[in-house]
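Chains here go by letter, A, B, C and D, matching the order in which they are written, and residues are numbered from 1 within each.
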Amino acid sequence: MINELMIIIFAPLLAGVLAWIFDVKGIREGVAIIGAAVPLAYLIQAYQTLASQPSIQYSIVLSGFKFEFILYHLSWVFAMIAGVVGFAAVLGMVSTAKDSYEWLFALMSLTGVYGVFLADDLISFFIFWEIMTFASFMMVLKYNRKASLKYFLLSVLGAYAMLIAIGIIYAKVGAFDFTSVQRVFYQDAMRSVMGSDTLFSRNELLLIFGLFLTAFGVKAGTFPLHVWAPDAYSETNQSYTAMFSGVLSKAGVYGMLVIYILLGTRLMYEFGNIGAAPKFGYVIAFLGGITIIVGGLLAALQEDIRKLFAYSSISQIGYILVGIGVGTALSIEAAIYHAISHALFKGLFFLIVATIIHRTGKTQFKDMGGLAEKMPVTFAMAFVAILSLAGIPPLVGFASKWLIFEAVIHQNMPILGGMLFFGSAIGFVYLIRFTYAVWFGQRPTELDDTKDAPLPLAIAMGILALLNVVFGIAPGIVAGELNKIFGKEIIQGTIWELNLGFGRYNGLFITIWLVVGILIAAVIYFLGAKVRRVPVTDTYQAGNPVTMDYNLTIRRNFFLPLKETLAFWLRMSFDRLYQDIGSWVEDLAETLRHYIYNGNVQAYAWYLAAILIILALWGV
Amino acid sequence: MMVIETALKALLILLYATFVGFMFMGIIRIVTARIHRRVGPPIYQPILDTIKLLSKKSSITHGLIYDFGIIYALGATILALMFIPLGGVSILRAYGDLILITFLLEIPMLGIMFAAMSSGNPWAGLGAQRALLTLLAIQVPLGFAIVALGEFYGTFSTYQIVMAQQSMGWSITSLPLLLAAVAYDLVLQAMFGKEPFDIMIAPGEISLGPMVEFGGKHMGILQIQHAIALFAETLFFSNIFLGGAVITAFASPIINTLATLVVLLIKQTAVLMVAIFIGAIFPRFTIDQAARFYWKWPTIIAAAGAILAAL
Amino acid sequence: MVDWRLFEPLFEFARRKSLWIVAFCTGCGGIEMPPLMTSRYDLERFGMMPNPAPRMADLFLITGYVTPKTLKRIIITYELQPDPKYVMAHGSCPLNGGVYWDAYNAIKHLDKYIPVDVIIAGCMPRPEAVMDGINKIMEMIEKGTADGWKRYKENYEYYRKNQDELFGEGWREKEARRWIPWLMDRKKEE
Amino acid sequence: MNLQFASLLIALPLISAFFVPVIKTISRKAVMPFLVIITAVQTGIAAWVFEEVYTGGKPIIIMAGGFKPPVGINLYIGHFAALFVLIIAVAGFFMAVFSMKSIGVEPKDKYAMLFLLLMLGATGMISTGDIFNLFVFMEITAISAYALTAYNKTGEASEGAMKYIVLGGIGSSFFLVGIALIYGSLGTLNMAQIAQLAGNINPTVAQAALALLVFGLAVEAELFPLNAWAPDAYQAAPHPVTAMFSAFVVKAGLYAMVRIIYLLRDTQAFTGILRLVLILGTITVVIGELSALRQTNVKRMFAYSSIAQVGFMAVGFSLGTQAGASAGVFHMVNHAIVKALMFLAVGYVALELGGTSIEDFKGLGKKMPLTAFAITVGAISIIGIPMFNVFWSKIQLILAALKVGKTGVIALILGASLVEAVYYIRLIHTMWFESANGEKVKENFTLGVIMLLLVALIIVIGVFPNAAWNIAQKAAADLYNVSQYIKNVPLLPGVSP
């Protein structure tokens, strides 16, 4: 009997390879679904085990490295995110995936992400991190070279940063597994408190922290390393993006948590706190805050449906980082909660986008409109997702956002609080833009025979939408799991209620009273006169007759005034900066090669002479 | 029994809020008229308007969302109302969380936007866009004001804040919250949709923006929603900044409640008056001017308040 | 279901007391509206309110002469209004052409195209006269004789015939071509 | 079976090289098959020796004419030598097979002879235990390499060969001077004895000698800037020869350099030279990668890339720790496999589509899926993606370097490998996702099998690196701890200068 953790990690990869080899339509989809379902089943089964014992562990030795894997509450929660959203995304891909290539790499990235979440030592963490990056990169490469290259370079940069950090730690600690690394840093912290000299000097600590921050920041899409995300998220199979943005970005979040787990105490003692929040967390938190604002504003100004949601997920990740950065138990729980809800609604959103693109073949807002009548099911899903992301009670989006708000403001962090509020408003803004341009208004005639979502996509969306609602009405379910991570009741309350002591939120009451209010309104509505359905052209245009020949809907530059207001800030772009650096390097390289390998043998002989002289000076 | 009592209470609150809300709308029109040296309509005029609109004999719809958005807006407003402490008689005051109420006061607009945009009228779209950008603009000072409150009192429960004010005086008597209150009041101006921030419904320019397609009972429901929202927003403001009111001086709870309501009514009217006066004498900002304004002064004031409260 | 006839008097009162106006100010009469609205004659006393959107309007003011071009808008705007709706025409031009009685391009009889409840004679009627007309229409609403909207429904063929005679068949679609150029950006892009 | 038969590793290619003209007089057609058969036999012997050494755990010492060293010349086939002899033989065999298809230019008999001599030289360089003998073998390798470079009778071929000759000549002459210095001061040419006596050598002489030896070998080992000949030679040489250059000729030079440096560990010059090699290696990596960045000729691009990889190995060895040496050896093995595969594939593409410019690779995935797949796997492996072999050696190397605190160097190298990722990914995208014109090519079965073998090797090592890693560690140990080396060689007692 091979170990269940191994099954959880490698089942998707195996399925992917099989699907790739037996490239038969029907078979490969079945295999892939099984490959995505098996880990989920094992995780659900593992829940029973975790109730009795603290963790499940497993380790193997390979090329001199001991690879250790562990499944405990934290990794279980994250793995469940991967499991559910990954499964939904795979279902979606059944409709949208074109060839076995996509199956192979989509499932490979799922394996990678499972590995990252279950890894218990730095090397396997790194290796699965790389696998995840590589697989997702291949998914993008198929669609767009430039975007994929940008993504890969930034990711590999991050990965190498992580590698160096790991190496530095290894050189001092002599071990890779989390427990011993954590122990060493803890002892270090104690030493620094005692005042005796520490194993890692302050600067080394800063270096390691910075390197890790870079590594995880890239994957999470933190400002200013977010530039890859919009292109990469949009230039691939959108069903896959549900996984890409919903799960893979959570690997970066998980990494931030790993920083806490490993270096937390040491950093806290070295750099001190502000209030109850560690100073080093402030870096993360403020980066997160800026990410919220930048991502949100740019999302509002996009003209491409995929890009809008790409930026939106950057912005949402910002929330999670703020929660993590504040660094109290409550705020971290809030952050994980938001990680869950973000995975749920953003996965749902990208599946919706996948449906729209699958059915209409359009990606620009200017080509869409009035689809609500043609795709009612999809629109219903979109409605749930919109309310959830905009943070409308009683949906999961609000519960998690509310937790983050309370956690942050309770720590007396005014600026971050303001950033969060701005973020929620900008969420409204870009969502309405999406709603208006895609679902409402006048429908271009070429979309008149658009069909509704295909069954697999519909099922996938249904799963996620249902979870959105359930976890919103009964937020205590999630809160209970999160409390297990810290082993104490940080969020009290029943399954309906979150009670922080200084603030309460009850999903059930809100639902009830919302229903009551809507009933009252409905009564008034139905007492009124009968309504007559009119076409979209029967609308007031200063008395001008309206026909379908014209575009009644504002589809381009919907937020032009915003653009004008922000004109100054929009002029600076990190994306362009990086591209310039890239081209500089290329030119430099070309010049170098041109001058060094100039094909002139005398020059080569002179090199020899030069080296000889150097040697002589060296020697004598 | 419990349920019936609650339901009765809720109904009473609802009726009271609606009635007072309509009165407020009437007051707005009268006072504005007086400032214009006009006679102005009778104070019950908004009620007549609503009855007329509801009694229209024909009415159109642009689809399911067009109707549902309206209903949702009113429902959400009623929901918000239930969470705001109204002296001692509100239903869910125990769950009246600052953040929650702030969100709840915003979501009716979402419903209206959905309905308006589903009509496909370009002016409705334009109005929605402007309304959203106004929302975006006010969100920053609003957020800072809320943050200041939360940090100052260390709790998010509106009711506890009211109680605290009973003992330690109104919020605006302390500097940080005074700043927050100033910023919040500027925000209220946009929440009421009064000048100078009513570009979203600019009647002459985009013919009421989001409202352009609503007629008959849709508009009537929106009038009711507007009335309740007016009541709720003023009530919220006077609760968190003007000390609310919890009167226990008299023996019988009935009289206590009535006295509470009266006190609250006075405070709400005061809040309303400020808004009217500002609105009556100012011209209209374009949307980017409004955004720049809100992101400059109110934000600075509110942020100062929040930071002071944090220290 | 509630029997709404009981409330009919209340409704009539409300309708009478809150007339929201769509003012079609193309003619010279447009200049008479500002004094009516502002502090001199303050129409708001009667709960009347200028209102840009026809969807929620009750009273449709046509202030002055009507040309075919404006008539098209008048008809469309009128049809957008929900019942019950009332029309009031200022001046002699809508009544019988007035000074344009022999102009080739002015509509002589507005009530051939839409039902008009009250026509205020005069060229131009002063605000007092207009307010007199408003009183008149309020009385008519009370008596229930302001039934233009019913007549338009009943004799729609008649009105439609006159309109089509004037403009030709399918004029709504045809004419739409040249108007609203700012709505044609999709065409411009391609 | 008598271990002395291992000397066949040297003898077989030599003798058969001289038999080639005879074969030719019998039949022109038989030359190439003869070459293949000889290399196959050589592979068999090498495999046997490998098996013997790694099971027996003791190195095989072959004394010419039974004279004990230092009087007689001895061959020392330790773990490292056994491993690399095997690699040389296998690569030689594959390339011989490839040559049957790829070499159309006459005179093939000369080609076969030079081919065998090249193998002989490399084998000798790796397995000899005598420093002058090393020089001789190096010259054999070099000269046959020059000739093979110029084998395609084109202008650029002769130009590349010319450059190679000039630089190589300078290098080996200085190498000779270095040997002379050593001999003059120690009076012995036997490596073991040199190592034994290295302690009491005059430091100045030691430094000068070491410097000259390193200098001479660095030319063969392609360290910057002594590698200027490499790009032209690689591009101009026949495809199998290029593959062999990259697969073992360079590594033989590198081996010789490292071996000598380690032998003279006891001298003061040791650390200084190590630092020098470290610097050279780093620069080699950086310059190599950067130069490859905008190459439009794929073969030349691979040439630069392999230069950079050699820099990696040099850095690994110059760390001066056991871990570093192991990593270096491991990287040598992996790189030999990958580069053999890639140059083979590129050569094959050039054969089929008539060129190695990037244009010819457009839509290769449609035209020659197998070859494209092979190149892709190789590229991904070189970039250092997990589950492919190079990843392991790279990570071992980096960890070793960081253990001795060389963070800056590592940062530089990793930055350079970012560049590597760029140009390889561009190539992959061009191959698979760009529009192809031209019909599908029927791919040669034998070459396909060879490529698939190598691909399988890459992936197997990538997934289960244990075995390869242990072998590499053993080999590195053989290279690293010199005291063991001295013990292994049965020096004639009492004979000392």
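Quick notes
Everything below uses one rule, namely that a residue touches a chain if its C-beta (ideal position, glycine included) is under 8 Å from a C-beta of that chain, and two chains touch if they have at least 3 such contacts.
As the structure is a computational prediction, the values presented were derived from the model and not from experiment.
Looking at chain A and chain C, the chains in contact with each of them are B. Taking the mean of all protein C-alpha atoms as the reference point, the chain centroid lying nearest to it belongs to A. Across the assembly, the mean Cα position most removed from that of chain A is the one of C.
In whole angstrom, the spacing between the mean C-alpha positions of chain B and chain D is 80.
Centroids built from CA atoms put chain B at 36 Å from chain A.
Annotation: 45 Å between the Cα-based centres of chain A and chain D. Multi-chain contact residues of chain C (touching two or more other chains): 53-55, 183.
Within chain B, residues 56-60, 122, 207, 212-213, 216 each touch two or more of the remaining chains.
Multi-chain contact residues, meaning those touching two or more other chains, do not occur anywhere in chain D. If the chains shown are joined wherever they touch, the resulting network has some other arrangement, not a path, ring, star or complete graph. Residues 10, 14, 54, 56-63, 65, 67, 70-79, 82, 91-92, 94-95, 97-100, 103-104, 106-107, 110, 113-114, 117-123, 125-126, 128-130, 132-133, 135-136, 139-140, 142-144, 146-148, 150-151, 154-157, 207, 212-213, 216-217, 220-221, 224, 286-288, 291-292, 299, 302-303, 306-307, 309-310 of chain B touch chain A in their complex. Taken together, the chain A residues at the contact with chain D in this complex read 61-64, 123, 127-128, 130-131, 134, 141-142, 145, 148-149, 152-153, 156-157, 160, 163-164, 167-168, 170-171, 585-586, 588-590, 592-593, 596-597, 599, 601, 603-605, 607-608, 610-612, 614-616, 618-620.
Of all the residues in chain C, the ones that touch chain B in their complex are 4, 7, 10-11, 13-15, 17-18, 20, 38-39, 42, 44-47, 49-58, 81-84, 183. In the complex of the two chains, the chain C residues touching chain A come out as 2, 53-55, 72-74, 76-77, 80, 171-173, 175-177, 179-180, 183-186, 189. Chain A contributes residues 370, 372-373, 390-393, 398, 402, 405-406, 409-410, 412-415, 417-418, 420-422, 424-426, 428-429, 432-433, 435-436, 439-442, 502-506, 509-510, 513-522, 524-525, 527-534, 536, 538-542, 552-554, 558-559, 561-562, 564-565 to its touches with chain B in the complex.
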